[in-house]
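Per-chain residue numbering starts at 1, and chain names A, B, C and D are given in the order in which the chains are listed.
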Amino acid sequence: MNKTRLEAFSDGVFAIVITLLVLDIRPDLPGGTGWAMFVHAGPKILIYALSFILVGLYWVSHHNMLHFVEHTDRLFLWLNLLLLLVVAFIPYPAALLSSTHADTGSLCIYVATLSLANLLGAAVWFHATKGHRLVSNRIPPDFVKFVYVIHLAPVGVYLLAGLLAWQFREASLFLVALVPGFYVLPNPFIDRRVRAAHAAIKTSQTHGQQR
Amino acid sequence: MNKTRLEAFSDGVFAIVITLLVLDIRPDLPGGTGWAMFVHAGPKILIYALSFILVGLYWVSHHNMLHFVEHTDRLFLWLNLLLLLVVAFIPYPAALLSSTHADTGSLCIYVATLSLANLLGAAVWFHATKGHRLVSNRIPPDFVKFVYVIHLAPVGVYLLAGLLAWQFREASLFLVALVPGFYVLPNPFIDRRVRAAHAAIKTSQTHGQQR
Amino acid sequence: MNKTRLEAFSDGVFAIVITLLVLDIRPDLPGGTGWAMFVHAGPKILIYALSFILVGLYWVSHHNMLHFVEHTDRLFLWLNLLLLLVVAFIPYPAALLSSTHADTGSLCIYVATLSLANLLGAAVWFHATKGHRLVSNRIPPDFVKFVYVIHLAPVGVYLLAGLLAWQFREASLFLVALVPGFYVLPNPFIDRRVRAAHAAIKTSQTHGQQR
Amino acid sequence: MNKTRLEAFSDGVFAIVITLLVLDIRPDLPGGTGWAMFVHAGPKILIYALSFILVGLYWVSHHNMLHFVEHTDRLFLWLNLLLLLVVAFIPYPAALLSSTHADTGSLCIYVATLSLANLLGAAVWFHATKGHRLVSNRIPPDFVKFVYVIHLAPVGVYLLAGLLAWQFREASLFLVALVPGFYVLPNPFIDRRVRAAHAAIKTSQTHGQQR
C-alpha cells in the first residue's frame, strides 16, 4: 500500500464522515412551521457545527502527520484504519449528544470517542517514528515529541470536560469547543515548530509535490 | 496543506452533499400507487433539482476561485472548511423547505444558508487576494473585484427572495431559481473577464495542469 | 474547469449514488427472524442489484464518452451536471419500485428516469461532437453516430418496458434487466468500433495517461 | 477503462461503504439517558467495528490484487463491479445481524455475503491471471496460487461459522472476527510471499508509482 493511496482513502473517509453529520438534523416537528422546526433544531445545529470542525481538525492533523511519513507498512495501515474506524464512528456520539440534549452520559461518550481518536493518532505517530521506522532521519527529535503534545493535550481537555459533565454540562461542552479554537486560530506556538520540521526534512525530499 | 489535497477534499464534500440531497425524497405514502407517490413527491423533486443545481454552482465557483490561488495557509484552510460546513448543511434547509411546503420560515432559512455560503466564498477570496497574499501578482485588480460581484450579487437576490417570502412564496422560490440561470447559461459578461484573468496569470504558471 | 477534475467529480457522484442504493434495504419486520426479514427483503435486493448494475453502466458509458472529449466548456459542464442530477436521482425511483412491489406507475417512472439519463448522455455527446467542438477531428464520423446508438437504443427498450408495465409487470422489469446484459457481456459489435475509434485518435494524443 | 480510474472508483466505493456502516447505530431509546442508549447500542457497535474491519480488509486485498494487474478488459471491469456490488451490500446483512441480535438466519446471511465477496475476489483474480491475460509474465505461479488461498481460505472459515450459527451463535460470530486477525497482525506467512512477488515483477515495471 503506497502512501498516496492510503492518504486518498483516508481523505475519502474524512470527507464522507464530515458530510454525513448533517443527516442527524431532520425536520422532525410534524405540522410545525419552518421557524419552529429551526428553533427546535438549534441544539442539533450547534452540535453539527462542533462535530464538523472537530472532524475537520482530525483531517488536518492526519494530513500534517502523514506529510512526514515516507513509507507505510502493514501495522501502519491497520493503525490508520483503526483511527478511521473511530473517526467514522463520531456521527453516533454526535447524534447521541443531540438526542439527549447533551446529558452527562452522552457528553462522556462524546469526549471518550474524541480521546480515543487522539490516542490512536498518537499510536500511529509512535509506530511511524519509533526508531525512525517510517519517517526521515532528519526529523528533529523535538518535533517528534511536539506532535505527541498536539495529539495528547486535547485528551487532557476532554478528560476535564468528562469530569465537568457530571455537574456543569454547558461548561463541559464549551470546553470541548475550545479545543479546535486552539488549532484553528493563528498559533505561533504551533506554526514555528511545523515550519522548522518542514525545513529539516526538505533536503531529503526530491519531489516537489510534498511542499 | 497543499492546494491539490485541499481541492480534492473539497470536491469530495461537494460530491457527497450533492448526492445526499436525494435521500430527502422517500416513497412515504403507505399503500399508495407509484403514480400517487410520485405526484405527492413532486415538490420535493423540484427542491431536489434546485438544490442540486445550487450546490453544483458552489462547486464550480469554488473551482474557479481556487484556480487563481497559488498557496494556502492556515486561515485559508479553515475559512474553506467553514464554507464547506455551510455547503454541507444545505441538505437540512432543503429538507425543511420540502417538509413545510416552502413556508415563509423555511424559505428565509434556505436563502440565509445560501447567503452565508456566498459570504464565506467572498471571505475566502478576500483572504487570498488581500495584498496578493495567496494569489499571483498578475491577477488584474478588476478581476479581483469582479469575483466579489460574482459572490455577493446573489446575496442581494437572496435577500429580496427572503423579503418576498413573507407575502409571495412562489415568487420567492422562483427568484432563487433564477440565480443559477445567470451562471449556467452562456454569459459573455462573465466569460470575457474570466478569460482575461486566465490569460493574465498564464505567463506566471509553469505547469500545464492548471490550464 | 479542466476535464480531469470534471471526471473526478463525476466519478465521485457515481460512486456515492451506487453505494447509497443499499440504504433502501432495511431490516423492517420488527420481531421477525433473520431468514424472514431476508425473504421479505428479496425483491428490494433484486432491485438493488439491478439499479447498481445500471448505475455502473452509466459510469462506464460516461468514462468511455469522456475519453474522446479533449476540452470542456461551460455548457458541457452544465449538461454533465444535469446528467449527474438525473443519475443521482435514481435511488428514488428504485425505492419507489421496491416500496410499491413494482406497480405500473413506479415501473414507468423508473424507465422514464433511465431514459432521461440516456437522453442527457446523448445531449452531452451532441454538444461535444457537433462541429468537433470538444473532440478530436480524427474521430471517425461513424463512431460519432455509433455512440448515439449506444445512448439511444436503450431508450427504445425502456419505452417498450414502459408500455409492457401496464399489462405484464414482470416482463417489463425483465426487459429492463436485459439492457445491461447487452453491454456487460463480451460484444464484438461494440468492441470493434470502440477499438477503431481509439486507434483513430491515438496519433492526435501526446500524453500517455489517456490510453 | 484504465486501471487507475477503476482503482479510484473502487476506492471511492470502499470508502463510502465503510463510512455508511455507522448509520445503522442510532440513538433509539426515546427518553433514555445517554448511558442507557449507549449500553443498548453495544452489540450494534461491536457489529459496526467488525464490519468496518472486514470492509477494510476487502479494500486492502483489492489494492494488493490490483497491484499485479497491468491491463483491464471489459470482463475484468464487470467482475470488479460485481465484487463492489456485494461489498456495497454488506451494510444490509450487518444491519440484519444487529437488528436480530445475531440470530441464526442473520449470521448465515452475513457469512454468505462475505463468502460471495471472497469468491468474486477469486474470480477477478482468475480472470486476470488465466494465461497471464492481464498480469505480468513474471508473476511466480506459486504466488498466483497463493492469492487464491488468501481469497478462499476465509470462505472455509465462513462456512464453518455458518454451521456453528445453528447451535453456538456467539462462537460463530467470534470465528468470523478471527478472520481479519489473521490478516491484520504481522504475518510472515503472507509477507514473505508478497515481497517475493513484488520483487519478481519489479523489473518489468518502469513507472515508480506502483512501488
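One rule holds for everything that comes next: contacts are C-beta pairs under 8 Å (C-beta built on N, C-alpha and C of every residue); 3 or more make two chains touch, one makes a residue touch a chain.
Remember, it's a predicted structure, so these values are computed and weren't measured experimentally.
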Between chain A and chain C, the fewest steps along chains that touch one another: 2
Angle, in degrees to the nearest 5, of the Cα rotation that carries chain A onto chain D: 90
Residue-number overlap at the chain B/chain C interface, same or different (half cut): different
Label of the chain whose CA centroid is most distant from the centroid of chain A: C
Between chain A and chain B, centroid-to-centroid distance (C-alpha), Å: 26
Whole-Å separation of chain centres (CA-atom averages), chain B against chain D: 37
For chain C, residues contacting two or more additional chains: 8, 12, 16, 20, 23
In the complex with chain D, residue positions of chain C that touch it: 7-8, 11-12, 14-16, 18-23, 25-27, 32-38, 41, 45, 48-49, 52-53, 56, 59-60, 63-64, 184, 186-187, 191, 209, 211
Contact footprint of chain D on chain A as seen in their complex: 1-2, 4-5, 8-9, 12-13, 16-17, 20, 23, 74-75, 77-78, 81, 84-85, 88-89, 91-92, 95-97, 99-100, 103-109
